[in-house]
Amino acid sequence: MRVALFVTCVNDAVFPATGVATVRLLERLGVEVDFPAAQTCCGQPQFNTGYREETGPLVRRTVRAFEGYEHVVVPSGSCAAMVRHHYPSFGAEAAGLGPRVYELTEFLVDVLGVTDVGAYFPHKVTYHPSCHGLRLLGLGERPRRLLEAVKGLELVELPGAEECCGFGGTFAVKNPDVSAAMGADKITNALSTGAEVLCGADNSCLLHLGGMLRRREDPLRALHLAEILASTEEEPWR
Amino acid sequence: MGMPSFPEAAREAVGDTTLRANLRHATHTIRDKRARAVAELDDWAALREAGKRIKDDTLRHLDTYLVRLEAAVTAAGGTVHWAADAAEANRIVTALVRATGETEVVKVKSMATQEIGLNEHLEAEGIAAYETDLAELIVQLGEDRPSHILVPAIHRNRAEIRDIFAEKMGSWGRPAPDGLSDTPAELAEAARLHLREKFLRAKVGISGANFMVAETGTLVVVESEGNGRMCLTLPETLISVVGIEKVVPSWRDLEVFLQTLPRSSTAERMNPYTSMWTGTTDEDGPSAFHLVLLDNGRTDALADEVGRQALRCIRCSACLNVCPVYERAGGHAYGSVYPGPIGAILTPQLRGTSSEIDASLPYASSLCGACYEVCPVAIDIPEVLVHLRERVAEEGGKGHRLEKAAIKAASWVLDRPNTLAAVERLASATRKVHPKRLPGPGARQWSDHRDLPELPAEPFRDWWRKNRP
Amino acid sequence: MTDAVSARERILARVRAAVANAPEAAAVARDYRTSHTADDPAAVLGLLHENLADYRAHVHRTAPDGLAALVAERLAERGARSVAVPPGLPDAWLAATDAVRRPDEPRLSPYALDGIDAVVTGCALAIAETGTIVLDGGPGQGRRALTLVPDLHVCVVLAPEQVVASVPLALPRLDPGRPLTWISGPSATSDIELDRVEGVHGPRTLEVILVTGG
């Protein structure tokens, strides 16, 4: 099977390791991965901030970049949700991409039909289900099932897991105090689990939480799910 | 209106540890209870969809249903008045109270009368309006502002309420009992004693309504304490001020909302008391009934194809109780009688977006979607928020011109992958000298609370080119 | 009234302009349940009992011949020395009590009602799924103030004929032309820290007597 990777702008510029991990994981599972170089950003930040007109060119670019691919894999719940839920309001051509876009855990569980991806990650992990994956995509138990199958991994329940971490795109800078208060509560909950790793499937949330963790010098590391799933005994995550 | 913008007001609330604790305790308590009450009904999704469609049909033919309602209320012995705005509604109510010769009224908790500032208007006209809902009483005695739709004093804990009662009840009527403790039961008892004399002598009652049935002319008030029944039953004159969107077409429609409203708001199978009346009844309750139908911006919201869904709202407060932003910012930060997610989409539609507070409300959300999930009439609050952001951005008020320029520049770069790659490479190449904090709009707000990310040695697209040629 | 007429026309014109180009709303699908409870009178009565009690009503059951004694016992237990009597209340219901009867004919003033300890009524119907009794001012129920001001309300429900399972089954049996009061437990409030406590302005004690086998 051949798929296109939609790495997303945040991962491209800030978290390339997530993109690399996604490629290694998919290739390990026998999937051939393409990276259409014309891709940039899905337009979500512009759209959610109220700049529909400025979103249009990015929607058209994204749709064109993935023309001809039956499966477009995105390691980001919110970007997948943008394409699936909001692209239809940009016309029929844009609407056509939605059904072909798969958030990474959807692709693994629903398309490939795997939950044990042969990963090894000997650490204590807690999982934060980001809002758009949780509510707009309905990812449900998929990420948890994937994590539970990872060898050596101890999954611990995150209290208040379904509460927003406070990122919210431009919300984080337009309402910095409320955003930080939400982030602090999320981190307090994560620390209470005793986990070493706070795992998520959306690096934008982890950009916010990870930035707070580093500022606070807390003994917890934010990490994308793809990097855990890519880690094996032969090539462990470091 | 001179009110601070949402982020400014919220900053203060976030720093108030008592307020944070009060809100956290109250919202988390009700959140779990609501989930259990809703889970009891396995047809919840069907009830929610039916409620949404009943309200959509109502709004689509609102003129027809209002005229029908007017005819039914009139036929049953009531008098219907129409008020285009707050000033007109206040004038009508004042004249009606004056005509009775009374100088005091008892009030059932009503969002519509708060929205139009009726109490303040009556006071200026020499008429005392006594709030009788326990939480409204706490707010009125404490000279405070409401901070929640259902529980206006949610920002107060029991100890604060005790102090307000002990200090203030005496100047409004019967003082609080000596040695009043802060147990909820004793506080409720103090309110019972304080208000009873006012109920017994009341000649004029003022209420809102949860529903008005066009088909029958029936008004419905849903409550818990019995203060509503007192105000609706004991006075000789009853004046109900109700937003035009509160009409439902048929008697049967109540079977949906009487199942969804109590479970969504107080997390009960049914609230303790629901009163339904149609015009006047001989020998039972008020002999004069006036219904004041209020527009006050609702037809502006109705004209907005995305925004009009906010008029489906049945004021249950479930969206406030699950909202992580409301939980931390508190109700006052929204600068309106309608706080929380529903307030963030309703207030800018009722009042417009010209003031700083109203223009900031559509951004008072991380778009997490928890509000939409619990809404019993399926208002897609995130969708309306984004839509209102478009309106604010288009109007180009304070800060938005600069923002638009930045967004345009970013979109320009993002529409050119080669330029984007060059920018990414430049950022990565200089990463060793990036500071962890930055000045300037946006960057400062980010880096006040969080480190900037450490940029990678190369962007993903370069890794790809090197490793998967 | 010219002002009022013009406001009416203004608002209606604004409404019509606002929805002129709006799409027709989707037809209302009433595919929710008419009832969530098995169609078995004993189960429905059991659910009513359970839900009334869950919201702190005191629930009792009796056969018709035990009603007078049970009413008398409930009034005595609560220390009620006077009882408001709505027009049309069967004499037999109060046959065993020695509380002073205060008929509402002529109408008792609010102050007079405030001085009466209790009221005994029947009801129009009761709803099992929500633990609700509904009064419609019919015979034996009285006007609304009667069941509001006294602090103890003893309400008699005749089962199975007055008991329905659900809200959708209750509404068609009620007459919207009558003033209706739906009562689900005693007066309560959640206004302090969103925590429910019983007892504010309405009757703080609600005794419900389920009469079976009539």
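Odds and ends about this structure:
By written order: A, B and C. Residues from 1 in each chain.
We take it that a residue touches a chain if its C-beta (ideal position, glycine included) is under 8 Å from a C-beta of that chain, and two chains touch if they have at least 3 such contacts.
Predicted model only: the values in this text are computed from it and were never measured.
Summarising the inter-chain contacts, the pair of chains with the most C-beta pairs in contact is B-C.
Comparing chain C-alpha centroids with the centroid of the full set of protein C-alpha atoms picks out B as the closest. Seen from the C-alpha centroid of subunit C, the farthest chain centroid is that of A.
Between subunit A and subunit C, the centres computed from C-alpha atoms are 53 Å apart.
Computed centre separation for the pair subunit B/subunit C is 29 angstrom, with centres defined by C-alpha atoms.
Distance between chain centres (mean CA atoms), subunit A to subunit B: 33 Å. Annotation for subunit A: no residues touch 2 or more other chains. For subunit C, the set of residues touching two or more other chains is empty. Multi-chain contact residues, meaning those touching two or more other chains, do not occur anywhere in subunit B.
By the touch rule above, subunit B contacts subunit C in their complex via residues 22, 25-27, 29-30, 40-43, 46-47, 49-50, 53-54, 56-57, 59-63, 66-67, 76, 81-84, 88, 92, 132-135, 138, 150-151, 153-154, 157-158, 161, 184-185, 187-189, 191-192, 195-196, 199-201, 213, 216, 218, 224-227, 229-230, 232-234, 244, 251-252, 254-256, 258-259, 262, 266, 268-278, 281, 283-285, 293, 295, 299-300, 302-303, 305, 308, 321. Interface residues of subunit B, counted against subunit A in their complex, comprise 6-7, 10-11, 14-15, 20, 324-325, 328-329, 362-370, 372-373, 386, 388-394, 403-404, 407-408, 410-411, 414-415, 417, 420, 424, 427, 436, 442, 445-446, 448-453, 455-456, 458-461, 463-464, 468.
Listed in rising order, the residues of subunit A touching subunit B in the complex are 7, 9, 11-17, 19-20, 23, 33, 35, 37-41, 43, 45-52, 54-55, 57-58, 61, 131-132, 135-136, 162-164, 166-183, 207-208, 210-212, 214-215. Residue ranges on subunit C touching subunit B, taken from their complex, read 4, 7-8, 10-12, 14-19, 22-33, 36, 51, 55, 107, 110-111, 114, 127, 129-132, 137, 143-145, 148-149, 167-168, 171-172, 176-203.
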